[in-house]
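My questions will all concern the structure given below.
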Amino acid sequence: MLDILQQYWLMLLVGQYPNGPLGGLAMTLILAVCGLSLSFPLAILLAVARTSPYRWVARISGYTVNMIRGMPLLMLIFWAYFVLPKVTGHSISGFWTLVCALVVYESAYLSEVIRAGIEAIPKGQIEASRSLGVGYWTTLRKVILPQALFNVLPGMTSQFVSTIKETSLGYVISVNELTFAANQINNMVLTQPLQVFGILAIMYFIVCFSLSRAVGWLDRKIRRVRQMSPA
Amino acid sequence: MLESVYLWQLLNGMATTLTLFSVAWVMAFSLAMVLVVVRTLNLRICRWIVDAFVEYHRNVPLMVQVLFWYFGMPELLPEGFRSWLYAHNAELSLAAIALALGSSAYIAEDIRSGLRAIPGTQFEAARALGSSYLQTMRYVIVPQALRISTGPLISRALLLFKNTSVAMAIGVVELTYQAREIENETYRTFETFGAATVLYLCGSFLIMLIGMRIQARFALNRGAGHA
Amino acid sequence: MIKFDKVNKWYGDHHVLTDIDLHVRKGEVMVVCGPSGSGKSTMIRTINRLEEIQKGTILVDGQDIHAKGVNLNHLRGGIGFVFQQFNLFPHMSVLQNIMYSPVHVRKQGKQETRDLAMSLLERVGLAHKAEAYPGSLSGGQQQRVAIARALALKPPVMLFDEPTSALDPEMVGEVLQVMKALARDGMTMVCVTHEMGFAREVADRVVFMDAGQIIEVAAPDEFFGNPRHPRAQKFLADVRAH
Amino acid sequence: DQLADIAARGTLVCGTLGTSQPFSFQDAATRTLVGYDVDVCKLVADKLGVGVEYKLLSVAARVPELNESRVDILAANLGHSPARAEQIAFSHAYYVSPQKLLVREDSGLETVEQVNGRRVGATKGSSSEREVKRILDKSSVIGYADSSATYLALQQKKIDAQVASELVLVRLLLQSPPTAPVAIVREPVFMEYWGLGMRKDEPAFVARVNEILDEAEQDGTAAALFEKWFGAETPYKLERSFKIAPIAE
Amino acid sequence: MIKFDKVNKWYGDHHVLTDIDLHVRKGEVMVVCGPSGSGKSTMIRTINRLEEIQKGTILVDGQDIHAKGVNLNHLRGGIGFVFQQFNLFPHMSVLQNIMYSPVHVRKQGKQETRDLAMSLLERVGLAHKAEAYPGSLSGGQQQRVAIARALALKPPVMLFDEPTSALDPEMVGEVLQVMKALARDGMTMVCVTHEMGFAREVADRVVFMDAGQIIEVAAPDEFFGNPRHPRAQKFLADVRAH
């Protein structure tokens, strides 16, 4: 295991860079960050639509979310790979294809988490804000979302973690990320797949686990500041 | 569209996917229950073990877990049992185990948050009536926790159903495997993946429908105004 | 100041407000009581349109609140509302809670608003808690902050829906004291409450509701001393029995 | 017409796998794309008088990418079969791959016929998997993610034989630990003819590519390329047993 | 029946019960009152060991409840406990709630238990709600079911921890009525409550607690009419103020 690591660590970290395209762990992280930062606002929008007082808005967004939830990400990536260029008229790189598929998929899941948070806000909170003369959108922005998002922080974290893990499906469309790099190494080493995938597992674990821990720490800190009971 | 041979092949794959899903779900659910109970025992060592189990499964990609179970685990088994296993569809059973373990970590967490949503006073009320710890868990706490966590559990079932596709990495001939096979044989990529997508959607909607039924049947009316 | 004219409201088939006629004058303190489910909360909530009505009109300050073109947020800004469950925003400090509506509705400057908020906190006796979060306050303190928050837009009318019934008995006093001070300063108030002592001391009139109707309107001495309607007699007997 | 488009663009877009040694893979030292397929693409581009641009494709994406016109030509382990030939046009065979069986040395298996009835592993979705199912009709064939997974399954006795191209098997044989020796069954299970893939509606382009390949066969360039990647200097030490020629239906 | 002897309890450093001495006789109704945080709940909960104590002994029916070999479930089965928040099981119907302890603790037959449960429901006036779920009942109704549930094992002692303080004022009456009937039937009862009327009518003695200590034990007339301790005087004044 150590000899593999010694020989290929650069490839695992950055892929062919700087002689070729960036890849490996660096690419995985870039993908995850792009996927997350784009799906987050979209998920909020979807969640707000699903809790909207307009029945049809709620219904349409509900169908959309369930449709996406019913499809394996693999299939979604596949369709994005071929449909996106048709729609936009431009050829689109594997990287952006994967980002788009991830964003669509993750915002559906994330929106479910956020919706649960919004629905759990006591009605009195909304009434209190509205009775002070504050409008719907400001109430949403200043009262509902801050509380809802904070309350579902653990749920969102595990969604973030699965996004990181799901970038690994990028290898199907040859996006040069961590799993792809590991596959390449595996093809070169050929006879030690367990060791190669062991290294892969450890790398994912370190990244994901530190993320969860960091968010947990943040959560406790905010609770302390707000003098709320620990969750 | 696709000739009937291929369609038949896809349906075959779907059958395997469903088998894998149901077996893994039952195992995952039972194991999750054990995890939850062990975790509530409040022994430092138990909590530590369960937490490690959960963290491992949550932070390592499923694919890697499946590979580990197929290639790593059987090496620890005695020779005789191992060859028996390989002769009896080891791929399917080991994939089911890997999937079940992975899901059980999540299910256990879902149930645990369901447990936390039950006011502690419910526990006290049952104990004050003279029922034992186990009775209280069995008749009062767990039924409520399950009702509270139906929503997350349905999502979990859905994810498990879709995740069965990683089993193809170790040669389980399920839906995605079959689709790839047909695609490779005919190069008719769109038709094949289109049909597979439709099949997956059907399965998912079926699970959602059943879930909604269960949810409607067991909805917990905790009453207006009283937390 | 507030005028109900033949106000009716239904939840589906359920007739919760029937022909409500009522006139609350400027500076008047009106206490509303009646059995549970009689429609007290519903009635008081219609005044700032937290509940919609199906028939009749409600005038606030001479304006029909259901007229076309009424700015709902502006209307609500002019009516303070205090809830049974306090409903403070747990993610904001006490000061931020109070500054919330001036900043977001009136777009007032931060510094000026802060001064106003501090003076309101002074008034409810909680200036030392400005930086605390609601989670660390007792029920009575939370309700006093909620009153300060409702006062932040300087509304000419205050509505209270059972402001003390979620409180431990000994915290009731501190909240009532703040309310009494408000009444003495000439605030127009409508209070749903079962606190007889408070009603006797500061109410100008008491309204008794039952099954969605106003059954009796009388001065407190008269109402408590000599209720005319048998339902009111029974209710008073019930409340006093224990 | 595609030839004109390529000329106008000045580059030939060549779809290749990037994960298949020694056809198309990242060189570990320089971490650049090299291999037999890569060189064949380069050859075609040079003869067309244009530059070459490589596009890495996954196995599932190669044919759609071609038919969607996002690449001009595929050099991506495309084994010929009649069903496949309905979807894309194949060039003349630029590589012929004998598909053989790898067995554990202690298993005593020596002929293809002996293996028939045993558990056979193959790379999932490969053409060898499909063909071996037809030929070894008494065996159960199990597909794994890649050849190293299949090899591991063989070592762990999950399967009794691994079917793959001779090339892959030679590499596996060379890297096998002496403690667990394996052997290649001499007789091939079948021969697979690889062609470059092009769109069916571009006969002129197909004809031009075939012309280029034939030329390369005649002037020895093709043989030199084979020597470079598979010959005596390489770990594989293969003999060139074929000539570039049309694939028989 | 129940005897506290120098009972002490700490939460960490916090001394919540200090040298409690008390004797509740068979058939006696004892009311416990005192300011919030004075330890009333803690004290009553020690009787069936919902809270553990650190020093002293508690005898129930002559038996030391902390003796080795005491069957905790058996002990608790013999003591009915009614909570402020009702704590009915929301996933069971009213009937199932009441049948819970006879079926699971005493392993009684279903049919016989059902008859018992129905007669208990009759007694609290809710026979027509047998099949309803707690979520659909009013607070007063829920608390009456909770009392019936606590009675299902026919306990010789009943403990009540502020059974009416989560209720709307007019539902208080219906619950107190059930409790009064119980008292009249000779049940031994310990009630934490602020309901003066109830205390005056049925209590044999009133216990006043403050800061974890019992400060005064007296007959209700004496306690309400002429409290000896200044803390008790202040407390009564506070409660009556509004």
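Letters are used for the chains, namely A, B, C, D and E, taken in the order the chains are written, and counting of residues starts over at 1 for each.
Keep in mind that, in the parts below, a contact is a pair of C-beta atoms (placed from the backbone, for glycine too) under 8 Å apart; a residue touches a chain by one contact, two chains touch by 3 or more.
All values reported here derive from a predicted model rather than from experimental measurement.
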Where the contacts of chain A and chain B overlap, which chains show up? D
Just tell me the minimum hop count from chain D to chain E, counting one hop per pair of touching chains. 2
Could you tell me which pair, B-D or B-E, is linked by more C-beta pairs in contact? B-E
Can you grab the rotation angle between chain C and chain E? Superpose on CA, round to the nearest 5°. 175
Give the label of the chain whose average Cα location is farthest from that of chain E. D
Between chain E and chain A, distance of the C-alpha-averaged centres to the nearest whole Å: 52
Expressed in whole Å, how far the mean CA point of chain B lies from that of chain E is 45
Per the centroid of Cα atoms for each chain, what is the distance between chain B and chain D, given in Å? 39
Centroid from C-alpha atoms only, then distance chain A to chain D, rounded to Å. What do you get? 37
Can you tell me which residues of chain B touch two or more of the remaining chains? 67, 71, 190
Shared interface positions of chain A, touching two or more other chains: 78, 82, 193-194
Name the touching chain pairs, please: which are they? A-B, A-C, A-D, B-D, B-E, C-E
List of chain A residues in touch with chain B within their complex: 66-67, 69-75, 78-79, 82, 112, 116, 158, 161, 165, 168, 179, 193-194, 197-198, 200-201, 204-205, 208-209, 212
Residue positions on chain E within touch of chain C in the complex are 35-36, 138, 164, 168-173, 176, 194-198, 238-239, 241-242
Per the touch rule, the chain C residues reaching chain A in their complex are 48, 50, 73-79, 81, 83, 85, 87-91, 100-101, 104-105, 132-133, 135-136, 146, 149-150, 152-153
If we count contacts the way the header does, which residues on chain A are in touch with chain D in the complex? 7-8, 11, 15-16, 19-20, 78, 81-82, 85, 91, 171-174, 176, 183-184, 186-194
Interface with chain A, chain B side, in the complex: residues 55-56, 58-65, 67-68, 71-72, 151, 155, 158, 162, 165, 176, 190, 193, 196-197, 200-201, 204-205, 208
